[in-house]
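Every chain is named by a letter (A, B, C and D) in the order it is written, and numbering of its residues begins at 1.
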Amino acid sequence: MPEIEAVLSDIAAEMAARADRGDVVTYIPQLGKVDPRKFGLTIAMVDGRVFCAGDADEAFSIQSISKVFTLTLALGKIGDSLWQRVGREPSGNPFNSIVQLEQERGIPRNPFINPGAIVVSDVLLAGHQPREAIGEILRFVQFLADDETVFIDHEVAASERATGFRNFALANYMRSFGNLEHAAELTLGVYFHHCAIAMTCRQLALAGRFLACDGRNPATGHSVVSAERARRINALMLTCGHYDGSGDFAFRVGISGKSGVGGGILGVVPGVASMAVWSPGLNAAGNSRLGSIALEKLAKAMNWSIFSP
Amino acid sequence: MPEIEAVLSDIAAEMAARADRGDVVTYIPQLGKVDPRKFGLTIAMVDGRVFCAGDADEAFSIQSISKVFTLTLALGKIGDSLWQRVGREPSGNPFNSIVQLEQERGIPRNPFINPGAIVVSDVLLAGHQPREAIGEILRFVQFLADDETVFIDHEVAASERATGFRNFALANYMRSFGNLEHAAELTLGVYFHHCAIAMTCRQLALAGRFLACDGRNPATGHSVVSAERARRINALMLTCGHYDGSGDFAFRVGISGKSGVGGGILGVVPGVASMAVWSPGLNAAGNSRLGSIALEKLAKAMNWSIFSP
Amino acid sequence: MPEIEAVLSDIAAEMAARADRGDVVTYIPQLGKVDPRKFGLTIAMVDGRVFCAGDADEAFSIQSISKVFTLTLALGKIGDSLWQRVGREPSGNPFNSIVQLEQERGIPRNPFINPGAIVVSDVLLAGHQPREAIGEILRFVQFLADDETVFIDHEVAASERATGFRNFALANYMRSFGNLEHAAELTLGVYFHHCAIAMTCRQLALAGRFLACDGRNPATGHSVVSAERARRINALMLTCGHYDGSGDFAFRVGISGKSGVGGGILGVVPGVASMAVWSPGLNAAGNSRLGSIALEKLAKAMNWSIFSP
Amino acid sequence: MPEIEAVLSDIAAEMAARADRGDVVTYIPQLGKVDPRKFGLTIAMVDGRVFCAGDADEAFSIQSISKVFTLTLALGKIGDSLWQRVGREPSGNPFNSIVQLEQERGIPRNPFINPGAIVVSDVLLAGHQPREAIGEILRFVQFLADDETVFIDHEVAASERATGFRNFALANYMRSFGNLEHAAELTLGVYFHHCAIAMTCRQLALAGRFLACDGRNPATGHSVVSAERARRINALMLTCGHYDGSGDFAFRVGISGKSGVGGGILGVVPGVASMAVWSPGLNAAGNSRLGSIALEKLAKAMNWSIFSP
């Protein structure tokens, strides 16, 4: 097995030098201001070692990666009854497509596309004020990362609210089928805020480590979810974690991952490590361009595919 | 680790007793005659041990499972240029949907849905007569299974040809976009015949073992494909191997698999085992109902998920 | 030519006796309370004669029929530049489908399906408060009907606002493509109110008479629109006036018409008459079941098809 | 009323001078060879007068215009039971779309899009050899035009057969739903041949005159179809005769019409005239670009809209 530090610094150096960095998202104005030259990478081994490179300690907007954490919370809250309101299949369509919702009568394909995550937010809102639900999500992520400095960027949340017409469309559309229990404004209040959580690569890799460890935090030994649930979340990340680029990510990289339009990706190799990469420019499918490439190189160098012995 | 023989016989006994066996496919008349009470299961460990239960030595029509083998052959023939003609994403649609083909200008989503496999057949036909291409595929499967008794059921092939209007539609449709090089009749001649390959669970599990062993046949040490290619085929099986039930199979079972409407499923756990199950009744997504359940129980009992440490 | 009074009373008698009245719409709760046995019919001849039968002087919710009047107003306001924001083709889909909006980047197919009419409302809102725009529409309809008792049923408008999630979805969706200039709340405020206009058959037939008279009010001689514009509005009613039942209505009835889910239909035979029918029960395409049949019988008896000499 | 000869020669002169002629179709190779400068126009008045301009006596491939004649024949053969196999609604999709066929289980939207016309050919084939059915269609068109020189261009038919993969796809697709009684080869043999009928503008205008005359040939007084059927065919031409440009044609031109990719359009103004125009270049919707414009100018100059008094 190669030396992990050497692999990491090679990849970081190569990524820093590349010019083909993709385009920073612009439909959320606040995110359009991020410097496309940023690149950070953290690997959190299950044995407790943590390796970082580049801008690994700079916070970025985790966006859809937060859907892994809200899904985990919602499953803890209502268990498998969640699957009556959300599917578990890859969508085969862009993350904000509304076509499938019409054909499938308001039931989103999976919890990682926008409408699915909005339903998850709706579940977390039940019995709470939006402010409370948002607070619960943030505290859960802080707990997972074991770091109370994880915060919500309210400017990003406000930016999304002001321009998120597509998400208002999706929410109202699902409500017309009875698959949203709260007013779109309230549910999207929760949604926009958890998407605006800001984390560093280091924090994100640590927060995802329970998925590499049968649902337990290896530092404390505390169980976050059952081993079976951790396994299933990993499966969903593999099949649905990169929108309509999920198949390609599985094919090229071969590990479970969840991307966000802020340019971050959380990766999981069960029994080995969790990892977080950040490069703001996106590819055509809306996933971090250099982030995907960095994880592909890392997985190949370390032989970390879940599809090989 | 539990005793594999005991697990196997428990599962076989439970499956034999179940009444909810799903429905045998009827749109291929010849397949409609199969006895729905059949159930076979074989596990081929990478260490060479082979375990069987039930009707594991009775041949059945492997149907779409053959697409794993034709894909392997076609990649050997033209390499990654295949991906210019076929995608690598889950389709999110039934196996014979033509809608996506229109939207995506004749490029099928992946090589495991019908149109994708038809393109693969077209690749294998290049420079050959259909009879030769069919012979090459059969010999390849016999070689993988190390068993020359694997055969093509010509009655099944004729039955599919006589009623396969949807496949003729798909083939002509792709040809209208220039993504089929041969007349539909010829390419489908190859396609219908490889779908009509008949194998036992034992043969099938052995034929798929190279996918669990980094591309090598562990019995002979010969390399069938590179380790990277084996890994990538496993990834495609995971994301696309069960049509629009692929996400659910990954979620529940957690291993790479490819199903066929004959009621068979080939499963792969890299570094551990390949396995084949057969129960003719299908669930709503067109995958073996009891076969899926048997693999779910097996994977759970043996802790074989690729998504856990 | 048959005696029109006799034809009219025969049809009214037959319709009163029929049991197959369709189902009253329920998704707008206020409309669900209407008595399904109601039936009214008015014919306003271009020569000034007016014939009535049944409940022709009872007000009902004209719903989508109002879209003929708002389209007329919007064309008067911004002319053919409207067609940069709305198409002129039959949609081939239900009235509230969102699929086409995705494929066609936020441009609705025609001004008579919901999203198209919402764009028209957005046009009428420009430079105004919603209250002013609503007032302008109401006064225009009163002017056309020459009857100041035409009113807006505010309970119906409130009922639609409280349950119109699908329309909120459509509006927000178009806004995400930049095809809505005002907040969804404001534009839909206008939309829900003009849909809630209440009119009698008599008022409605008179209000539509300019379309049968080259754009002029035959009573006063005043021009409402140019002859060309009247002709074109008639064409749009013919091809798009009955949602995805438009082709069938043209085939069976053979006159221009616009239906509403309140059970009304406005019909136009250029040079001959305008007419209004009301029967609250709807057919599968969302058009008045007995209303369609009554107009079919009327057109046949009077030989009023626009497709015959 | 203006002098028809003057209007006609003005239009012909203007059309001859225009450079924006659209593109000649190329997917049927034989049609790609036609000179794009051709322009012909014939008006056949119901009083028996016939006016011609330009290349009105040069034969061209009528293509989809033939669908008006095969529909008429099929309705004569099996009556309204045809509508169990074909719909009567505008498709809202391109002429060769297969998407709707999947959603609507093999029932084409209307008899003028390709799949609908293929079903009509299948009806005409029942009980016959393809050669006989083709002969019957040709003789019917010759009878309507009262001209035995109307012929089938066998090179065009062969050209379509050799490249018509999309139509083979549509036919096989419908057959998979049981909506085609004969093998695709046979039915398409009929279809390709009637699309390859060659006619002059003069012949075509005369052949369509029964539609302007309540179903009767005004020269002989013989009835071709009932008045109701003529009216209904006119309605279908209006709503569905120009593929997904039908709404626009109704809006701009305001008469019933059926176009073909050979650049011809048959127009009908009931009680007034039938007319045929030919200009080979097509617009984006696949209809004759200058042909549409010429009919728009003609209808406007003569005030021939069916939507005005």
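Following the convention adopted for this analysis, a contact is a pair of C-beta atoms (placed from the backbone, for glycine too) under 8 Å apart; a residue touches a chain by one contact, two chains touch by 3 or more.
Just so it is clear, the model here is predicted, and its values are computed rather than measured.
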item: For chain C, the least number of touch steps when starting out from chain B; value: 2
item: Chains touching both chain B and chain D; value: none
item: Of all other chains, the one whose Cα centre sits farthest from chain B; value: C
item: Centroid spacing, where centroids are CA-atom means, of chain A and chain C in whole angstrom; value: 47
item: Interchain centroid distance [CA atoms averaged], chain C/chain D, Å; value: 32
item: Approximate Å spacing (C-alpha centroids) for the pair chain A, chain D; value: 55
item: Chains grouped in pairs wherever the two touch, ordered by label; value: A-B, A-C, B-D, C-D
item: Chain B-touching residues of chain D, taken from the complex the two chains share; value: 97-99, 101-103, 165-166, 168-173, 175-176, 184
item: Chain D-touching residues of chain C, taken from the complex the two chains share; value: 46, 87-93, 100, 109-110, 212-214, 227-228, 230-232, 234-236, 238-240, 244-248, 250-252, 254, 256, 270-272, 300, 305-309
